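Here it is, the structure in full.
Letters A, B, C, D and E mark the chains in the order given here, with residues in each chain numbered from 1 onward.
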Amino acid sequence: MVLLFNIIFQVSDAISFLLLSAIGLAVIFGMMRIINLAHGEFITVGAYGTVVTAKMGLPLPMAMACGVLVTIIFGFILERLIIRYIYGRPLDSVVATWGISLIVSQSFLIIFGPSIEGLKSPLGSFQMGDYSFSEYRILLIFISFLILVLLYFLFMKSRFGTLARATIEKPITSSALGVDVQKVYTITFCIGAGLAGLTGALYIPTMTCVPSLGQAFIVSAFVSVVTAGASPFIGLVPAAAFLGSFQTGITFFYHATIGLIGLLFAVIMIIRFLPSGFSGLIKKGK
Amino acid sequence: MSEVILNINKIKKTFGGFTAVKDVDLKVNKGEIRFIIGPNGAGKSTLFKLIIGYLKADYGDVIFKEENLNKFELHQRIKKGIGLKFQAPSVFNEMTVLQNLEIAANQTNLNDYNDFIDRFGILEEKNILAGDLSHGKKQWLDIALASISNPDLVLLDEPTAGLSFDETKKTGEIIKYLNKQGTTFLIVEHDMEILKQIATAVSVLHLGALFVEGSPQSVLKNKDVAKIYLGAS
Amino acid sequence: MGLNNILEIKNIISGYGTTNVINNISFGINESSILAISGRNGVGKSTLLKTIIGIVESKSGNIFFMNKNITKNRPTERSILGIGYVPQGRDIFNSLTVEENISLPAISRRMKNLKNELEKIYSVFPILKEKRNDLGGSLSGGQQQQLAIARSLIFNPKVLLLDEPSEGIQPSIVSSIAEKIHNIAIELKTAFVIVEQNISFISKLSCDCFIIDKGVISSKISSKDFSDVDKARKALSLEL
Amino acid sequence: MKNSYFIKNKFQTMTFLVLAMIPLFVDSYYVNNISFFMLWTFIALSLSLIWGKGGILSFGQAAFFGLAGYSFGVIGINFSGVFGVGIWSVLIALIITGIFGLIVGYFLFYGGIYDVFVGIVTLSITLVFETFMSQTAGPEWTVGIARLNGFNGMQGMPSIGVNLFGYNFEALDNKGYYVILALAVFVIYFLDKLANSKFGLVLSASKEDRLRVESLGYNVKRVHMITFAISAVLAGLSGILYTNWGGFITPESMGLVSAALPVVYCAASGKNNFFAVFLGTILLVWISQELAINGRQFALVFMGLLLVVATRYFPDGMFLYFINQISKFSKKLSRN
Amino acid sequence: MEKKMINKAISFILSIFFATFLMLTQAQAGDTIKLGILEDETGNFSIAVIPKIHAYELAVKEINEAGGVLGKQLEIVRYDTQSDNTRFQEFARRLIKKDKVDVIFGGFSSASREAIRPIMDKNNQLYFYNNQYEGGVCDSNVFVTGAVPEQQFSTLVTWMMEKYGKNVYTIAADYNFGQISAEWVRQIVKENGGTMVGEEFIPLSVSQYSQTIQKIQKAKPDVLMTLLVGAKQASFYEQQAAAGLGIPMATSVNVGQAYEHRRFQPPALENMYVTVNYIEEVHEVIKSGKFHDKSKDFVARFRALYPNEPYINMESANAYNAINLYVKAVKKAGSVDMVKVRRALETGISFDGPSGVVKIDPKSHHGSHTIFLVHVDKGHEVKIPKIWENIEPYWLGEAGCDLSKKDDYSQYTPSNPPKQ
């Protein structure tokens, strides 16, 4: 029983990390085909926004909301100044977003110094057999799935979602039907940025607060989104579930290094043998 | 009895539940200019893609020069002596006309090809980017790409789409000339002008199946063909 | 032609890159009327519609809609002003449900009482109501065509541009679509510009018909003439 | 003669001549430093070939860079003192890299992997290399007598060179500079020839329309695989020269940053034009060094701004734009 | 349109000229003793390195104010190596070839030291590495003022085993520092009759530790050695605290370098033990005596110059000691000639610094240290339960490295010692 819980915890912990890493990128890259190398910096912005406002005395959930808000504003400005000029040039977006990531992480270093005092994980821990667990991490697991569900409803069931999916599938036809394509892009980008900020806000109580903290997420984010395939909201959960359990399993039997290498190998093999990713597999299954 | 160069044997293709091509038998004789016509959605394009191997048939064989092509990929089929032009002119827009031809030709040195290029009316433009050609000249360049390496059989998908009367006529002359040099043609077409001008045989497809076959005259006179072709019910 | 034309095209030249596809075309259309445009493949019929909606920029000339010069407006703006467009191949959003497809223009216009509007549309196209929760990509050709028209009708456009509405559709359905277009034109006071090659379809529309060739209007006949196959062949140089 | 390659590309030839004369005027530090700038051009050129001409974005160049660097080191250390090791270790390292490139290329293109997926697969390969090499600190990780030495890096390999009749030629300092410059001239010449050959035409054509190229009878997958291998060899050349320059190679050369840098050099320079990439890479490495020296903490901010401005305003590459301006200007001058 | 393009062109050309201009206007050198400094002012390591840079500047300022050495003033030539090994190589060459400095100080990560060591050796350049590290560098041109494993672990591990028990679990960064340090731990545990109940190596890029925490709990160790490096790995502490792991931890890296006890919210580092050769709190924790006085004096002087320094870490003491040791040796040699200075340094030269005497071992070129055992409690308050004075860097000398007799340019480990 304890063992089973332990396994479920470890696997879903790994999955929720992959999910939350990927979620902002799933919108920005998965839907808009912007290869956003500054994804990690978006996460950093959310984390710093949270920490700074929490230090000013806001309760943690409020501070997290502020972190997200700051990231949305940040994303909005970037979209206006740079990103909108590189839609449809996915490969050039590599360079521009790389530049953005350099500017942001170094600016954070200049403004806040190499590190600021972090936050403590809220909630406590509980014991089960030989093992103890952080309650906050268990909350994170639930939150990550909750966000995914909300996101599913936002993009699949809401009015905005209809506009966004239409625009992304056929931008020209959408514009001919009266959809303000540019506005939809801007909002979608801001949602992606906000989600990345949310990832930062949620994880910062468990991490060291340094300007480079976002880099910890970037590889997980890209591998999850790409293996998810063309419809990230359908493919992300199975992709993260597969990669997360695979990595956890290998790490369990060997160690973390082999786990990481195994994860990357799994990604290579998935792309090779499942070229349309997990969402393609699901669609085929239907 | 003339020699059969391309033999399509009971070929079938379905997409999901929809049968695009059902059990089509088609023979192309050496030296022919055979047209495949039919209204929209008759399965012409699908048949075309099956012949070149871009789509995989559910069953049936494509036999070219007595060799079954089923197991060969597109580029291998071409190497066996087939030239090919897709529906929309797909020339390489960012390259010059000459570079386009260099890719398609067997030799690198195209000096001896001036005559050939001139036939297509693009000699003067040989050093400009293909993307800057007019629509008609793009079509001719595309046909030139399909035929420059002296293939035995050239497949053309709508070679006159978007051309004016004069351009259409010239296209016909080009095809006729190449045919005289010994090239066999299989052409998917909408346009009746060019059919009347150059066709030696016609196959009509309707709703994925072979509807009627014969000489241009016999097919054109066929009232049923007129009906399906014009959508008159 | 005059000021009461709802849509007026004046000396339009347009095309792609350096090639001109439309060479100086002018015409106008009244409220509630239908205009058919025909011609052989690749003569610029689709480009003409794309120029009117703004997907292709005109190189010279002017387009007036309700006496407003819209030549410089973006497609989105033209659509909001009241021009509907059904592209060739219909461009249904495969990943959206039928209802989402129809609702899209209404959502982008923030239209109130979407439910009522949808009901109106469903009463014209009952088959769509049946399939409202299916993905757009799963419909048959005829259903997609109805969906594409429905999608543009929901915002009550003053002009609806249709590109090859009969393409890939069973003959029986073709005539029912023609009928529907007639009813819509009368009931909703919508003007139609229809690009079409299908002779029997054009003949059923009973309206004026322009024949386009080499980017210009080469002749103008009545669509009734299309019921005579021989005349139609001549008009379209499709003599068999 | 009039149409010879070097006369046709006047600005390029002039630049090479100027570069060839630099060691006559400046002291060895600067010569060495320019060698350092130039050694990065090969990895950038390798990407220019596969991405600029072939339209395939790879983050794997860093993996080839590292593989070649380590191979060169391992062979050099094991056969240190054997005649000519400083030359044939380079060749063997390049062959190993080329074969690995061929295998990866086969895996990618015959597996039908294209577009952004190539980027992610190659990035994964690069990161696997980095992660694996980082943990090889222990004495059990030796190849022959060469310690891989994990994250701290491998060192002690003999330099490129040869000992002939008592004359010791080592590709370091001025000699190294001319070796690198000669290689650069050769590689750019070779790449230009390749790009204008039938193979190059087919490669560029398949960027526009893969299907049409296949329909003209070419095996596009094979073309891409071979191009990928050639580009692997070029990236490997940079790796070897880098290892030779510092006497040192670490897994850091195969990290995320190293994987992205060639992309940055290419895109900012003008990925379609080999000479623009060559010149742009030199200038970018130089600028980033100057910024590190003088910009202090603002160095990376400036570098970032440069990249953003480059993509925002010069979609075809910044340095290509300036090279074109210069040649236009000089044409104007010569006309007057 | 044209105008826009021209504007762009001009702005770009201007920016290039700007960079060139900056390069050319750099101050030209006078008749000074030039100290080259290569430290990571930016990038991943900057957090622990910036106080170190300030310590160099403090030492130089003090010496110059006292009249310099051999009648000359000291001059710092410093480059920001951006936590990037290649930058270390570029700038090491620049210092040697262009600036022609008399000595080089610097390097934080072991990889950066290894990146420039071949360059130092090729040019016979005198070089001070002033960081605690995995040990074993036996190099004629290199002097080390940081602590090494025999100083930090022989004290720490033994003490921990006596206090908490003999079952030890190590988690370590999966690269040279972690692996070699873990090797030391393993050896010392074995020598003291303990058991390694687990050992896990973790890639530097890993930031999530749920699984590691469960593995540790399964093994039930008495002591957890955490040889983790970098900001990502530092997240372990918060995560283990949140999970309520509650096992006493011991390390050689945290607190003394990147002052995690000040930066992290308590109780992330609760019950952690670290061996350091200096930290800023020494004089606050030890209320009187020589360690109190020296540290208090050092901090006062440091803070007078850099009042906003977040923390004065052990590497800043090492940096301060290094400059002073060098100057003492120059005085003794009567010259800045690098061979003469090296010989002077090999005479057993010593300096009485912020944490007591540091004496250079002629055989290994490493310094002896006072080692403080630092304990971090629940509220992240610091205690020093134990001080070991004058701990020698004995291992290299015993293993057979004797640079005063025989030149060497290698790095050794316990499993790969010098050939006798």
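Keep this in mind: a contact is a pair of C-beta atoms (placed from the backbone, for glycine too) under 8 Å apart; a residue touches a chain by one contact, two chains touch by 3 or more.
All values derive from a computational prediction rather than experimental measurement.
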Most distant chain from chain A, judged by the mean position of its C-alpha atoms: B
Remotest chain, chain D as reference, centres from CA atoms: C
Distance between the centres, which are taken as Cα means, of chain D and chain B, whole angstrom: 44
For chain B paired with chain C, centre-to-centre distance based on mean C-alpha positions, whole Å: 32
Chain B-chain E separation of Cα centroids, rounded to whole Å: 75
Multi-chain contact sites of chain A, meaning residues that touch two or more partners: 106, 109, 215, 219, 257, 260
Residues of chain E whose C-beta touches two or more other chains: 42, 174, 201, 203, 205
Contacts with 2+ other chains: residues of chain B: none
Residues of chain A that touch chain D when the two form their complex: 33, 35, 37, 82, 85-86, 89-96, 98-107, 109-110, 215, 218-219, 222-223, 226, 257, 260-261, 264-265, 267-268, 271-273, 275
Of chain D, residues touching chain B in the complex: 197-198, 201-202, 204-205, 208-209, 211-220
Contacting residues of chain B [partner chain D, same complex]: 52, 54, 73-76, 78-79, 84, 86, 90-95, 99-100, 102-104, 108, 145, 149
Chain E-facing residues of chain D, complex: 27-30, 32-33, 36, 131, 134-135, 137-139, 149-153, 155-156, 245-248, 250, 252, 283, 287, 289-297, 299-300, 306, 313-314, 318, 321-322, 325
Parts of chain A lying in touch with chain C, wherever the complex brings them together: 159, 162-163, 165-166, 169-170, 172-181, 231
